[in-house]
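Each structure below appears as structure tokens.
Two complexes are shown next, each including chain A; its partner changes from chain B in the first to chain C in the second.
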Partner chain A sequence: MEFFDIYEIEPSFSIPVSELKNKYLVLQKKYHPDRFAHSSIEQQKTALINSSLINDAYQVLKDDIKRAKYLLECNEIEITNHTNPEFLIKQIEYEEKIEDHSHDKSELVSIQKELQEEIEQYKVNLETNFSKKDFERASKQINEFIFIHKLHLKIKEKINQLG
Partner chain B sequence: MALLQISEPGKSTDPHNRKLTIGIDLGTTNSLVASVISGEAKILEDNNYRLIPSRVLYEQHQISVGNDIPNHALTISSVKRLIGKKKDDIDADNIALELADSNEIFIQTPQGYKSPIQVSSDILKKLKKIASDYFGDEIYGAVITVPAYFNEGQRQATKEAAKLAEINVLRLINEPTAAAYAYGLDTKKEGVFVVYDLGGGTFDVSVLQFNEGVFEVIATNGNSTLGGDDFDQIIKNYLINKYKFNSQSLEDQANLNLIAKDIKEKLSSEDTINETIRFNNQDYQIDISLSEIEELFIPLVDKTIQCVKNALNDADLSTYEIDGIIMVGGSTRMPTIQNYIKKFFNQDLLNDLNPDEVVAIGAARQASVLSGQANDDTLLLDVTPLSLGIETMGNLVERIIPRNSTIPIAKAQEFTTYKDGQTMMKIHVVQGEREKVSENRSLGEFIVKEIPPMPAGSAKIKVTFQVDADSLLTVSAEEQTTGVKTSIEIKPSYGIEESEIRKMLEDSFTNAENDKKFRSLAEVIVDANQILELTEKAIQDDKQLLSDSEKSTIERCMNNLKSEITKKNPSKIKLATDELNNASMSFAQKRMDNSIYSSLTGKNINEINK
Partner chain C sequence: MAYSDKVLDHYENPRNVGSLDKDDPNVGTGMVGAPACGDVMKLQIKLGENGIIEDAKFKTYGCGSAIASSSLVTEMLKGKTLDEAESIKNSAIAEELALPPVKIHCSVLAEDAIKAAIEDLKNKK
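Right after this comes the complex of A and B.
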């Protein structure tokens, strides 16, 4: 949980994003190697280690997927590769839908909206399971969440390409 | 690991102990040196010249740099295009220089062969001298700017050149970041800005957020082989093709370059040029219109726009979310570029700072902050331009640090052995965005030795990538059970492929689909070979555990898998692998039981319970 400790944020799936960003800037202003460019070699090395850690923690905490995976890792839960058959069917349906409408921008935008709603729903569910400490269920959801996320990115790219 | 304790950095307040710092913009065509004097950043002039041409003249007993060189003398110019590169990386025909016959680049001069690092260091010495003459005192340290899209080799080589010039480098910073810093401090604006930086030989685009004194780069992109010189080249070719300018010697070529540059600059303020040019003892009558030339420029401008799009995409931003566009580099004065970019963003451009000087000004300000003397808590947070990774089985790249990661950054990843009893492992470090190793730039390799012999997949080798605030990489590897540690710094001599750099990012976007296919094929082949090898070895060691029919089933599956591998269909290979896996399952179970049994025999019960 050291990443949460560094930012003095309670370990959980939902975190105060703007607070995280503010803390990030405060910490970097204090620990960045630029602050120690004229200090001793030892201090410069320490600053390098600290600043790297602050960056690494920030990258993990600000990203929903990375943060969820990190929480599971800290609780020593392995992410299962098992996908339930229902989701598998949903997955195929989505892929087909995107394929069928790959040149229809308005249709793609409406699929994108649908996916956006799914993402929000997954976030709510993940939050519920993490706060109940039901890590098993959270670990099952995370795979589906990653898939929906990837699909969302893919469709966004397609929409951008259509201009 | 928590944050380490660190004492407050000391601020030296003693006025007698002043630390003189400078900012250096080491450009392809021109260089500048600036310093903060009583709180204000100023360009330091060389006999009233603000721009120092990045040209060096070597004579028997003398080295002259920049404005000291008499006109039309044959000089070495644009050496920044060569720094950190190998002969194979460059198009030697386009360089009006006599090169040594070796893979390393050496330029022939009356003082013998000089490397690009040596030539750059002579320019840096001149810049340092301008500053120390101005102050009448020693210079404590300098911030030197490099293109954001410079790779490891080019950055290391630049630092090496500074070392050779006996300059204490406080930091290497990226040119667009320096420009944004100068602009942001000057205007006190906040928001999201794009820096469009077209230098003499390089192009960078960076997306930055300015917020309460923090200048945070969100994404950067560029092309380290595209610059204003390329526009000159187009005009030069146009003169040769249309007006039959006849250049024969290296000197002619150099002169023609100057004529082309002159025409480009005139076209920034005039729509047509109608004049007689004297070249090589001949008069040439030319009549050129801007629109004619603009058409030839479009492909180059399009290339820059593609980089802008990539950067915005990485930053997850659209053009309308940008609060301002800062234009940097003398070449951005070209009306073609101004109009194009204005249209792309659909807003006016920020041209209020001198595009030639803004980088040096930003560097000077940063140098003064780094010396701890400025009472200033602004901060620059920059990113790595290209992804860094290592080669894994099957010619694949495992990315360890993705592009656009905020620096400094350290990332570690564990790798394991592929074969039983493997005692060495090669770590091959690469930079780039492609999935296949051969299509990225190789930065160097080293070998982890003395891995204790263990079954395949049991050893744990932790590979750590550390990128420091200069964006320089150190890679170390540690075998976890023995603690044997090996590491390398990426040295300037590591070759890079010019054509590859240019193509790398473009390609990674168009080839993403192919790459994925390749990756899935390579991965299934690695898996398949591994299980084949394991099964073969198991049969060799423990065939007494197998019945004849079991053995023949397993062998049939193995042969089938071997033949599928040669046919290269990923899903069929996968299927055949699974079949072999299933067929050998009970055999594996028997072996495991047997090995537990054999490890238990000969020990008394107390030992087992320990």
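Right after this comes the complex of A and C.
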């Protein structure tokens, strides 16, 4: 749980995002290699290692999917490769709906809302399962979450293109 | 990353895009997904009276290599028995399409889709 330790944040799926960001800015400033330009080679090296660790940890912790994967990894669980076929059928139905309404902005916006609601639900469920340490369930949910998340980005892009 | 000519050909002119009736007892549907990239693949096969696959359709939402892999697979499947279909390996797909190493998982997904479609068909019998 090294990444959580760096930011002194309790390891869990739901984290205080604004606190993370503030701490990141503080730490990044404190360990920025530029501040060690006149220090010994040894100190410069340490600063560089610290600063890249701070960055790596931030990139993982601020991202829902990466943070969830990291929590699984720390518990030596791999994200499952098997996706529920029923779930995949629903994904295809979403894709078809998006295709059929590719120029209908209001319809796309309403699909986006549906997806956004699903995303929120997945987040709630992930938090529940991680706090219960039900990693098997969490692994299945992240698997599905990745698909929904990608679809959500895709539809957002389409809506933006329509202007 | 540059796609091979064969991938581009299948990507621009995908063969056998569409759906078969999933409730038909002679149709097997394989649904697979790759969580690493969020690609979704649906592959359907229809078995004729003589035990030969007479039709195959696919719908893939993903990258060019995933679309090309599933398009190629529908061509390979037609005219084969289920045993022959089951023995199609991802390496054959990857080789035919000249997929680069980072896209090998697309051919694996296509192989998984064949297996899932066959399993679905067998479960109906």
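Assume the second predicted complex is superposed on the first by the 163 of 163 C-alpha atoms of A that agree within 3 Å, B and C clash if a C-alpha of one lies under 4 Å from a C-alpha of the other, contacts with A are read in each partner's own complex, and residues count from 1 in each chain.
What we mean here is this: a residue touches a chain if its C-beta (ideal position, glycine included) is under 8 Å from a C-beta of that chain, and two chains touch if they have at least 3 such contacts.
Treat the numbers as computed from the prediction; the structure is a model and nothing was measured.
Asks: Based on the superposed arrangement, let me know which partner A:N50 touches: chain B (first), chain C (second), both, or neither?
Replies: The first partner, chain B, only.
Asks: According to the stated criteria, A:N160 is in contact with first (chain B), second (chain C), both, or neither; which is it?
Replies: After superposing on A, A:N160 lies in contact with chain B but is clear of chain C.
Asks: On the A-aligned overlay, A:H38 touches which partner chain: chain B = first, chain C = second, or both, or neither?
Replies: Only chain B is touched by A:H38; chain C is not.
Asks: Hey, is it chain B or chain C that touches more of chain A?
Replies: More residues of chain A are touched by B.
Asks: With both complexes overlaid on chain A, does A:I146 touch chain B (first), chain C (second), both or neither?
Replies: The answer is second: A:I146 touches chain C but not chain B.
Asks: Looking at the overlay, does A:S110 come into contact with chain B only (first), chain C only (second), both, or neither?
Replies: In the superposed model, A:S110 contacts neither chain B nor chain C.
Asks: Would you check which partner chain A:L88 touches, where first means chain B only, second means chain C only, and both and neither mean what they say?
Replies: A:L88: touches chain C, not chain B.
Asks: Which partner does A:Q28 reach: the first (chain B), the second (chain C), both, or neither?
Replies: Once the two structures are laid over each other on A, A:Q28 reaches chain B alone.
Asks: Figure out whether A:I79 sits in contact with chain B (first) or chain C (second), or with both, or with neither.
Replies: second
Asks: Share the list of chain A residues that count as touching for chain B in one structure and for chain C in the other.
Replies: none
Asks: Once bound in the complex, which stretches of chain B touch chain A?
Replies: Listed in rising order, the residues of chain B that touch chain A are 1-7, 9-10, 12, 19, 170-171, 211-212, 214, 313, 369-372, 377, 379-381, 405-411, 466, 468-469.
Asks: Please name which positions on chain A make contact with chain C in the complex.
Replies: 79-81, 83, 85, 88-89, 91-92, 95, 142-143, 146-147, 149-151
Asks: Help me check something: in the complex, which residues belonging to chain C touch chain A?
Replies: Listed in rising order, the residues are 31-33, 35, 37-38, 40, 42, 59, 61, 116.
Asks: Given the complex with chain B, which residues does chain A contribute to the contact?
Replies: Interface residues on the chain A side: 2, 5-6, 25, 28-29, 31-39, 43, 46-56, 58-59, 160.
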